[in-house]
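Dropping the structures in below, format is C-alpha cells.
In the two assemblies presented below, subunit A is common to both, partnered first by subunit B and then by subunit C.
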Partner chain A sequence: MNAPSPHPAAVMHPEVPDDRRVIFENVSKFYGEVLGVNRVTLSIPPGITGLVGPNGSGKTTLMNLIVGLLQPTRGALSVLGVTTDRPEELFRLIGYSTQYDAFPPGMTGYQFVYSFLRVHGFGHAESEAMTWKAIERVGLVEAAGRKVAGYSKGMRQRIKLAQAMAHQPSVLILDEPLNGLDPMARAEVISLFRELAAGGLHVIVSSHILHEVDLISDQVVLLNGGYVVAEGEITGVRDEMEEQHPAQVLIRCDRPSLLASRVFEQDHVVEARIHEDGKGLLVRTRDADQFYLLLNQVVLENGLGIETVMPTDADVHAVYQYLIGSNGEKS
Partner chain B sequence: MSEIVTQSVSVRPSTGNLPWRLWAKQILAVLRLELRKSFLGRRALALYLLALAPVFILLLRVLLGGVNDAGDTAEATTIFSAVYQGFLLRMVIFLGCVAIFGNLVRREVLDRTLHYYFLTPLRREVLVGAKYLTGLIVATVLFGLSTLVSFILAYLPHEGVQTFLFQGPGLGHLASYLLITALACLGYGAVFLFFGFFFKSPAIPALMVFGWEGIHFLLPPMLKKVSVIHYLQSLLPVPMSEGPLAILADAPSPWIAIPGLIVLAAVLVTVSAMKIRRMEISYEEE
Partner chain C sequence: MAVYERSYGRYTGLTTPEWSRFLILPRYAYETVFKSRLFVSFFALCFLMPFVGLLIIYLHHNLSALQFLQLPPEELKRFLPINNEFFWRGLWFQGALSLLLVLFVGPALVSPDLRNNGLPLYLSRPFSRTEYVLGKMSVLLILLSLITWIPGLLLFFFQGYLEGAGWIGDNLGIAGALFAGSWTWILFLSLFALAVSAWVKWKPVARIALMGLFFVLMGFGEALNEILDVWWGTLISAWHVIASIWLSLFGLDPSNDLPPAGASWVALAAGSAIFLWLLYRRIRAYEVVR
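Here is the complex of A and B:
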C-alpha cells in the first residue's frame, strides 16, 4: 500500500517550535552503493518516539545520523536547532546509548560514568554527584564498584543508560535499550523513560519488541528498507489506513446478533462476525467514528448491554503488520 | 506542552566563555583515562617487556662480565652507543611507538569504544591532540627510563664513572640520549598516529617505514632527508660508523634537526586531526 506519510509537522504537535525538535530534512545515507536511509523527512517533538522496523530497516543508521557518528550523504538535520558540526553544543543536548555492547577495558561501572562526565568538562564534585544520581536511577548502586566486564547483559544495558543520561541531556537516544533486561528491570526502565519524557525530554527508542514500543511511545516512526513508511501518533497512523485496512472492533455484549443486524445496514461496515463464544461481535469498518455513533444509538434504542468495546488492531503491532508484514516485506 | 518543554534544560559544565579552559579540562580528563589504560591495562605488559629488553641485556653483561674485568669508560661509551643506536633507537623505540601510537585510535575502533569520546562535547581535533599527548607521555616515560637505566648499567662496571659523569662529558651524553629518545617518540609517534587513521592495519606501512629507516645509510643524500633516523642520528653524542657501504651525507645541525622533527610531528598530527573530523563510526566494516 502507499504509506500514509503526511508532513510530520502537521501530525506531530505543530505547536512545538523547530528549536525544540529533532529535524531531518530530506536526509539520505548511502554506504557506497548500499542504501542506509533514503529521503527521510521527520520532525520529532518531545516525548517518547519509537523507531520500529525489521533488521536493516535503517533504525540504527537514523540514530547514528542524529548524533553525527554518521554523516548524511544528502540532506540536513538538526537537534533542537543545533547541527552536528557543533559538537560542544550538540553533545550537551544529546545522550546516546548505542547497541554496541563494548566498554573501555578495566573500568568499574562508577568509573565508566564518572570518567566521561569529566571528558564533558564537569569538575570532580559535580561529576561525582551526577554519576551517583544516574547510577541510582538505573538501580546499580550496589554494583557500581564492580568491573563492568563482570556485569550481566542487563546490568551492562543499565550502566550504558546511566552513562547516556548522566549529563542530563534534553534528547536521549536509545538503541534497543530493553534488550537483555529481565521483566522487573524492563518495567523500571520503561517507567524511567516515561518520567523523563514527562519532564519534557525527547526519548527516541528503537525496539523490535512491538508490544513494548506500543506501550511506551507517544509517537512512532515505522521504517522499512531505509524508508520511513509511516510516522505520527499510532492512532493517527491507524486512522489514515482505514480505507485499505478497515478498523477492527470487538464488542462484548449481551445480544450480538441484534447488533450484527443493525451494523450490516451500514455502508462503511465490511464485515461483522459473531464471536465464537456467542457473547461478542467482531466488526470491521472503514469509518470507526460512524460505527461508534451507531453503537451509541443501538444502546439507547434497544437497551443493548455492553461489557467492553475494544479496538483489536489499533496498536503498533497491527500497523506494522499492515505496512511492513511479518517478514519485513512492505505490503 | 510549552510548560513541560521549558523544564528541559541541559546541565552545562561551568567553564565560562573560554573554550581553552574547557579544552584544557577535557584534555586532562582524556589523559587520566588513557594513561590509566596505557600503564595499567593488560596490553601494557608487552610494552614493559619491550622497554626492559635493553636493560636486561646490559644487566646480563654486568652480572656475567663482572666489575673487575671491565675497562675504562671509553669502552662503556662504545658499548652503550652501539646498544642505543643499534637496538634501543632502531628496534625498541620504533616498535614501541608502532604499538603505542598506531593503536591510539585504531584499538578503540577494534574495541568498539571510540564512540564514547565522539558522544561527548569534545572537539575531535582536541581528542586527537589529547591522544597524541598520552602516547607521547607513555612512550617518553617508558623509553626514557629504559635509556636512563641502560646508560647506568652500561657504565656501572667501569672504572672512573664518577669522573666521566661529573667532570667529563657523561651527563651531557645522557642528556643527549634522553633528548633523542623524546624526539624519536615525537617523530615516530606522529607517523604511526597518522597511519592509524589512514590504514586499517598500521603494521604494514610501519614495516615499510622500518625497512626504509633500516636502509637509511644506503640512501642518497636527498632521500636520507625523508627519514626520521637521519635527523635523530645527527644529534647522537657518539657517532657510529655505518659500515663501508654507507653513502655519506652532511648531518643536519641540531638547529635544523630538532625544529624539523617538531614541524614533521605538527604536520602529521594536524592532518590526523583533519581526518578525524569527517570520521564515521561503522564498526561493522572493521
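Here is the complex of A and C:
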C-alpha cells in the first residue's frame, strides 16, 4: 500500500504523510463579529509544536478547533486524516488539557483521571490500569488519593496532564501546561513531552512565555490577532527574515579585531562591533551561513581562539519582536 | 532535526456501550450529596409518607390489628379508602418533597462545571452535550424516582397482593397515573433545576432563584386570576399546573382553582422547552468572546 502524499501546505517535515498530520486548510473562526482565527493554513507533523502568541492571539481558538470543540466558520481541518465531521473518531485521537483548573469538586487525583476515562468509554479494569499508568508517568502516585483541591499548582498541572494522556491519544493538546511548575517539575514535564514526541505523538503546546516554547518545541506557530504570522522551526523562521532583520552573532574570542577586519570585507555583513572588554565581537549579517563559513576559515587560517559563538536574536523572542513589533509577553 | 519513530501505541481494546456513559456522572455527585447529614436526614424523611401508606394498606387487610387498635374496619374504609384518591394524595405529598429535594441537589449540578470551565473536559471526549445533560439530570431523575413513583408503585402492588389479583387489573389506571404523573413532574423539575444551575453560577443564589421562581410565579399566577378575573393566570405556576395534570391522570374531578388539564399540559411542555433551550444555550464547551 502506498503512503499518502504530503499535503501541499506542508512545510514542516514534508516526508510525513497527511494521515500523520494536523492540517488546517484556510480555516477561519468568527464568534459573531469577533475574529477568533483567520485564514489559517497549517500542516503540523508529529513532535512538539509550540503555539505562541499574546493573550487574544487565537491560541485557544486554534486548540479548540483541533479538539473539535469548535467548528470552523470557513475552511477545513483534519487530525491525522480524521475530519471534524467524524467527532467520535476525532475525540479518540485527542487528549486535551485546558488552561483552567477545571476539577469537579471533591475529587481525588485518582478519581479525576479515572472518572474521565470512564466517560471516555473505558471499562472499570482498563480505566484503573490506565489511571495508575498515567499518574505514575507524571509522578503523582503518592498524592493520587488526596483531594485535588489540596494540590499545589504544579501538582494540578501534572494531574491535568495525566488526565489528558491517560486514554493514550495520538494528539496531545496542552493549553499553558507549564504554568505554575517549579523548575524541577518543569524539567520533568518537558522531558515527558519529549519522550511522548519521540514515540510519534503530536504534542501541541501553547504558551505566552516565548523562551519556554523555544526550549521545548521542534516547531513553532506564531500567532497574533488571529493570524498565523510565522511557522516552522525557529531557526528556519529566523533565516527567512534575514533581509529585513540581519542576524546578530556574538563571538567571544582572543583577537576580535582580526575577525572584525575579515568580516568587514564581506558584502553580507552589515555591522561589526568590538566589545568594550576587547574580547568579543558582535556581528550583524544578512547571510548567517556565509558568516559561519568565514568564521571557520578564519579560525583555521589564523588560529583564532574562540570561547563562544552565540546567535543573540535567533530565539523565538527576537523573532516575535521582528514579526509583530512586540515582545509577545502576556499583557 | 528530530526523527520520530512511530512507537507510540493507541488503545485498541473494547469500550463500554455509548448509552451507558452518562451514568458515570451521577456517581460522584451522590458521593458529595450524601456527605451532608442534613440531606441524609431529609432524604430519610421522604420515605415517611410511603411508610405510613404501607401501614394503612396493611391495616385495611388485617382485622386483628384493627381490633387491637379498636378501629372499626368499615370506618377505616370509609375515611381512608385505598383508591385513586389515596394514591393521588401520596403523589401530591411526595411531589412537594421532590421540590425541596431539588432545592438541595439541583443548584450544584451544572454550575461548578461552568464556573471552573470544566465543560471542555467532558466535551472533548466521545461524550455529547445531550449525554452531559442526561448525566447531570440522572442525578435528580434517580433520587426523585426513589421518592415518587417507585414507592408509589410498591404500595400499589402491595395493595394488589393483599386485595387479590383482580384488584391490580381493575386499577391499572392508578399505576399508569402514578408512573406518568411522577415522571412528568420529575422531568420538569430536573430541567428547571439544571437550567437555573446553568445560569446562576453561585450555589446559594441558584437555590434562592429556584425557590423564588417557583413561589413567586405561584403567587403571581393566583394574583393574576384574582385581579383580572381569569383562569389562565395560574398557568405560570408550576404547582397549579402539575396539580391539574395529576387530577386528570388519576381521573379525579378537576378543581375550580386549577387551570384545565389540556392547557396545563401545554404550559408544562412550553416551560420544559424553555428550560431545555436555556440549558443548551449555556452548555457549550467554550466561552464566547464578545
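One rule holds in what follows: the second predicted complex is superposed on the first by the 316 of 331 C-alpha atoms of A that agree within 3 Å, B and C clash if a C-alpha of one lies under 4 Å from a C-alpha of the other, contacts with A are read in each partner's own complex, and residues count from 1 in each chain.
Here, contacts are C-beta pairs under 8 Å (C-beta built on N, C-alpha and C of every residue); 3 or more make two chains touch, one makes a residue touch a chain.
The structure presented is a predicted model; accordingly, all values stated were derived computationally and were not measured.
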Legend entry - Overlay on subunit A: subunit C relative to subunit B, clash or fit: clash
Inset, instruction - For A:P183, decide between first (touching subunit B), second (touching subunit C), both and neither. - result: neither
Inset, instruction - May I ask you to decide whether A:R92 touches subunit B, subunit C, both, or neither, giving the answer as first, second, both or neither? - result: both
Inset, instruction - For A:G121, select first, second, both or neither according to whether it touches subunit B, subunit C, the two together, or no partner. - result: both
Inset, instruction - State whether A:Q71 touches subunit B only (first), subunit C only (second), both chains, or neither. - result: first
Legend entry - Which of subunit B and subunit C A:V34 touches, first, second, both or neither: second
Inset, instruction - Could you say whether A:G278 touches subunit B, subunit C, both of them, or neither, answering first, second, both or neither? - result: neither
Inset, instruction - Mind working out whether A:D218 is in touch with subunit B, subunit C, both or neither, as first, second, both or neither? - result: second
Inset, instruction - Starting from the residues of subunit A touching subunit B, keep only those that also touch subunit C in the other complex, and list them. - result: 13, 20, 31, 46, 64, 67-70, 87-88, 91-94, 96, 98, 100, 102-106, 115-116, 118-123, 126, 130, 163, 167-170, 198-201
Legend entry - Sites on subunit C touched by subunit A in the complex: 1-2, 4-11, 13-16, 18, 21, 24-25, 27-28, 31-32, 35, 108, 112-113, 116-127, 285-286, 288-290
Inset, instruction - Would you mind writing out the residues of subunit A in touch with subunit C in their complex? - result: 13, 20, 31-32, 34, 36, 46-47, 56, 64, 67-70, 87-88, 91-94, 96, 98, 100-107, 111, 115-116, 118-123, 126, 130, 163, 167-170, 196-201, 218, 233
Legend entry - Residues of subunit B touching subunit A in the complex: 1-2, 4-15, 19, 22, 25-26, 28-30, 32-33, 36-37, 40-42, 111-113, 115-124, 278, 280-283
Inset, instruction - Show which residues of subunit A lie in contact with subunit B when the two form their complex. - result: 13, 15-16, 20, 31, 45-46, 64, 67-71, 87-96, 98, 100, 102-106, 115-116, 118-123, 126, 130, 163, 167-170, 198-201
